[in-house]
Each structure stands twice: as structure tokens, then as C-alpha cells.
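Look at the two complexes coming up: chain A is in both, with chain B in one and chain C in the other.
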Partner chain A sequence: MTLKNANQTQLRFKARDPVLVLDMDKAGHVRTPFYVRRKIGEVIDFRGYFLNPEELSIGNTAGPAVALYRVRFMMKDLWPNYNLDRTDVLCIEVYDHWLAPIANDEARP
Partner chain B sequence: MNPTQRPHEHTHSHEHDHEHAPQAVEDGQSDVDGQQLVDALQAVLIKKGILSAGEVTLEIQNLESPGTHLGAKLVARAWLDPEFRSKLLRNGKDAAAELKIKVGEAQLVVVENTATVHNLIVCTLCSCYPRSILGQPPSWYVSKAYRARAVREPAAVLAEFGLDVAADVQISVHDSNADMRFLVLPQRPANTDGLSEESLTKLVTRDCMIGVSKALDIPMNFTR
Partner chain C sequence: MRGYHDIGGDESGPIPMAEQPWQHWEKQTEAVRNLLGDSTRRVLSLDELRLGFESFGIDKYTKYSFYRRRLEAMIDSLEKKGFFTRVEIEQELEDIRARWVDPDSCKKA
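Now for the complex of A and B:
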């Protein structure tokens, strides 16, 4: 279910912002797979506000809704020994609280 | 029940409805524990009058009635109508609604194959799939092998499906891990100018809308 931004909070990220995926020690119905954690990617777009699945799965359906972004990674940044002849990318959805901002010069050393 | 092996055995429906991988595909045998749990839950709900057996049957029917023809219609229309194509790429759900196709999922993100980009859809965490327009996913889509390998070595996986993607074509893998559902808009096959929408839909397979193949070429004996 797409929700309105109940809190009118400012979006933290915009398209092309470099972001770091956090490696939080959370149990349960977590939708951030391990293979993107601690990896740096780039925001594709903001997709709306959604109820947090980590809360929904334990019956907390009252919200608040959280911002959901799509983030793009270079495959060679995700996997060791990825074929360097290829420029393949991985796109995935990440909820706001799993993302940290990073400076542009940190993203592309 | 071993919780480390079966983290997703619960069968309640979340508000945004992540589908969970059927265990039958995971371990090659029927999921007896899970089935007993579902049967017991259903029996209690019916006994309490919260739902009826008929409603359960109807819901199963609703789940299983959509088919790939709905996705194929979106693709064929996009091939024929540039304005519709733009709308479909901007907001898949709204564009589908124009063709009276109801997308049940929160959003439909349509990703377009081009001469330089090839898109591939996977759900690494379970089996999220645009069921309202493609029906139920094929068993390989739900398999752990596909889910693990599609994000790790997509070119090799596609080659096994019979699709060689040149090194200068970027493979863009979409992990459908949360609230979005994805549909690939395949490239229109050559020599299809003048074909009707209905004829074009016959070239649009389930697999090309997941991204493991291209749309079909027109057969040699095809009559226009």
C-alpha cells in the first residue's frame, strides 16, 4: 500500500546520490539482503512511502510509513571476481533507515 | 520444525503481501508441517465464521486466474503506441489501468530492454512476482539456484536459458525485494511492421517479460 507522507519529513536522498547500505543487526522480516550491506550504490529514484515490513511482520500496522528508494550498484562492487569486461548493474529497493549518506568523493575514490 | 531452515514458513498475509517461496521447490518434498498449519488455521477460521470454504476457493481462483496474456497485451500495445509506451515506463500501474488491466501490487515498474541494456527480474528473498499480470511464477523463478545466481552471475544464467548477452550490453538485474513489482518491456522483434496488436501478443512470452529470453521472432510460415 502506498501511503502519504504522514510526517511531511524531507526526503534524505535524491536521484544519483551516492549511498551506503547499513549492516544493521536486525532479526525477523528484514528485506535488505546481505549481499548489498556495507556496499556503496547510487539512488535511482524514490518510490513512495510504505509501511516498514520489519514492523508489519510482528503486527505493528500503525506505521509510520518509511521512504522507499531504488538503489543501483555496479556488479563489480558487489562481487569479487566479477567479469570486468562487463558493466552490469544490480538494482534493488532499500528502505530509508537502511541507507546512510556519503560524500561524493568517498563514493568514487 | 527447524527455524533455521524454515524462516518463512508463516503463512499470514502481510499488508503489502510478500510472497513466500513454496518449500516444495526448495527441498523436493511436500511441506507437511506448513500444510498442517494452514489446514488447522483454515479450519479454525471457518469454525468461527470468519470465512467460509467457498470464500477460500474463490480467493484461490482469483489468485490463479491472471495469466501472461495480460502482460503480453501491455507489451504489444507499448510496441505499437509510443505514447502508451512512455506512460507504461513512467507508471506501469496507471498505464495498465487504461487497458482495464488491474495491477494488484503496490506499483509496477516497467524496465525497457534496448540495444545496450538487458533487464532481468529476480526476487532473491522469496518469490515476489507481478502475479496480477503474469499469473503464478514458474518453479525455476522460485528456486534457490535462480534466486542466488541471477544476482551473482546473470550472464551465465542467461546463457543457460539460451540467451547470450554480449559484453557491451549491460545486464541490469532487478532484485524485487520489497514493494515494487517489475515487468520487462522486451525489444520488438525485427520484421514485425504492420502486425496487429493481437498478432504481436503471440510473440510475447512469459520468459521475455521476466528477462530470461527475447520476444519470439515471427515463425517462417507466419501469415499476416
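Now for the complex of A and C:
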């Protein structure tokens, strides 16, 4: 189901934008696993607007719909002592409100 | 905040690779869940169900199988919404067990 979102005409992120995943310390049903929180990744693409599962989980079906992005992380950035292929990546879908923009020069050491 | 279900990346030890046959009651559970969540009924969304088994306690979560978690969370939620009580379900189960006959008993000896 793809929804249109009247409130959000302009997407905050585009492909290749570096993003920081927020640690929102939010109780209840969230779909952002702990291991990507506070990590820096790169937006792959926008996947559409969806009703927020955090709201759906408590029966709020009225919206608004939120933007969902695919974000890519280097596996070596997610796991300490990652000893497999250093170029391995993890792709995961993250909702807009869990992402913060960061400047390009902060993203790459 | 990290839910007890949010275990991606944790050490698990060896993973048992035996094929698990899909049991009839598991298919029924999933079928009922789909009907309850479809766009004409909207009785119970998948995210409500997820919140249910992500918050009903780690003891149940680790003890129950994938479909048993869903079944128990579904019963919890339907009870909370006033469709029936656990006591009524238990009574119904008892009645059905009492009149149950082994399907093999209709085969010729």
C-alpha cells in the first residue's frame, strides 16, 4: 500500500545522503533495531509513504503517513571486531523520523 | 530502550537446521490473523500483534514458538477489545476436546 502524504511534499533525504540513526529511547513497538541506532549510514532510496507502525501498534490508523527509506551501513561500522569482508553492507528500511541529516564531511573519516 | 525481541546480532550458538513442518494450527492462526487485519475488518493490525508479543513478557516470548506467540498475542488483544474472555476460550476448547474423535478411527480396521 503506497500512500500520498499531503503534509510532506518534499522528502528530507535523497540517495547517497549520509544519515545518523537516532536513538529515540521509545517504548512500545518500534521497527528500528538497536544495532543501527547511533550509527551512520547512507540513504539508498525512498520506498514510499507508510502509516507509522508505532502508531498502528496502538490502534491509531489515521496517519499521517511517514516516509520510509532504505539505508545502507558498512557491517564493520555496526559490529565490533567484524572480521569478514570489510566491504560487506547491511541494507535496512528506516522511517524518516528515526533519521537525522549529517554533513558529508562528518560521515567519512 | 531495547526490547527483549530485538536480538539481531547477538551470539546464538549453533542454529538447529532441521526442517520444521508447517502445522495445520499454524496455518489457521495465520489465516485468522490475516482476516482480522484485512482492510474490510481492521480488527487487529499486524503491528498491534507485534506490540502484543513484544510486551507480554520475556518468559512467554522465549518459551513460545513463532506462531504460538502470535496466537497468544491475538487472544490477549481480542480479549482486551472485548470479543471474548480467556475463560470462554478455555471452555470452548474443553467442549471441543470432549467431543473430539481421532480421525483415524473412521478408517477400516
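Here is the rule we go by: the second predicted complex is superposed on the first by the 105 of 109 C-alpha atoms of A that agree within 3 Å, B and C clash if a C-alpha of one lies under 4 Å from a C-alpha of the other, contacts with A are read in each partner's own complex, and residues count from 1 in each chain.
We adopt the following convention: a contact is a pair of C-beta atoms (placed from the backbone, for glycine too) under 8 Å apart; a residue touches a chain by one contact, two chains touch by 3 or more.
If you're wondering where the values come from, they're calculated on a predicted model, not measured in any experiment.
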Open item on the list: Looking at A:E93 after the superposition, I want to know if it touches chain B, chain C, both of them or none. Which is it: first, second, both, neither?
Closed with: first
TODO: Check whether chain B or chain C contacts more residues of chain A in the superposed model.
DONE: B
Open item on the list: Tell me the contact category for A:Y35 with respect to chain B and chain C: first, second, both or neither.
Closed with: both
Open item on the list: If we overlay the two complexes on their shared chain A, which of chain B and chain C does A:V19 touch? Say first, second, both or neither.
Closed with: neither
Open item on the list: Contacts for A:I58 in the overlay, against chain B (first) and chain C (second): which applies, first, second, both or neither?
Closed with: second
TODO: Could you say whether A:W79 touches chain B, chain C, both of them, or neither, answering first, second, both or neither?
DONE: both
Open item on the list: With the touch criterion stated at the top, can you tell me which chain A residues are shared between the chain B interface and the chain C interface?
Closed with: 29, 33, 35, 53, 56-57, 61, 78-79
Open item on the list: Under the stated contact criterion, what part of chain B meets chain A in this complex?
Closed with: 14-16, 18, 106-107, 109, 124-125, 151-152, 154-155, 167, 170-180
Task: Complex contact set, residues of chain A against chain C - done: 25-30, 33-35, 53-54, 56-59, 61, 78-79
Open item on the list: Residue numbers of chain A touching chain B in their complex, please.
Closed with: 1-2, 29, 31-33, 35, 47-48, 50-51, 53, 56-57, 61, 68, 70, 75, 78-79, 83, 85-95
Open item on the list: Which stretch or stretches of chain C touch chain A in the complex?
Closed with: 1-3, 6, 8-9, 42, 45-48, 50-51, 54-55
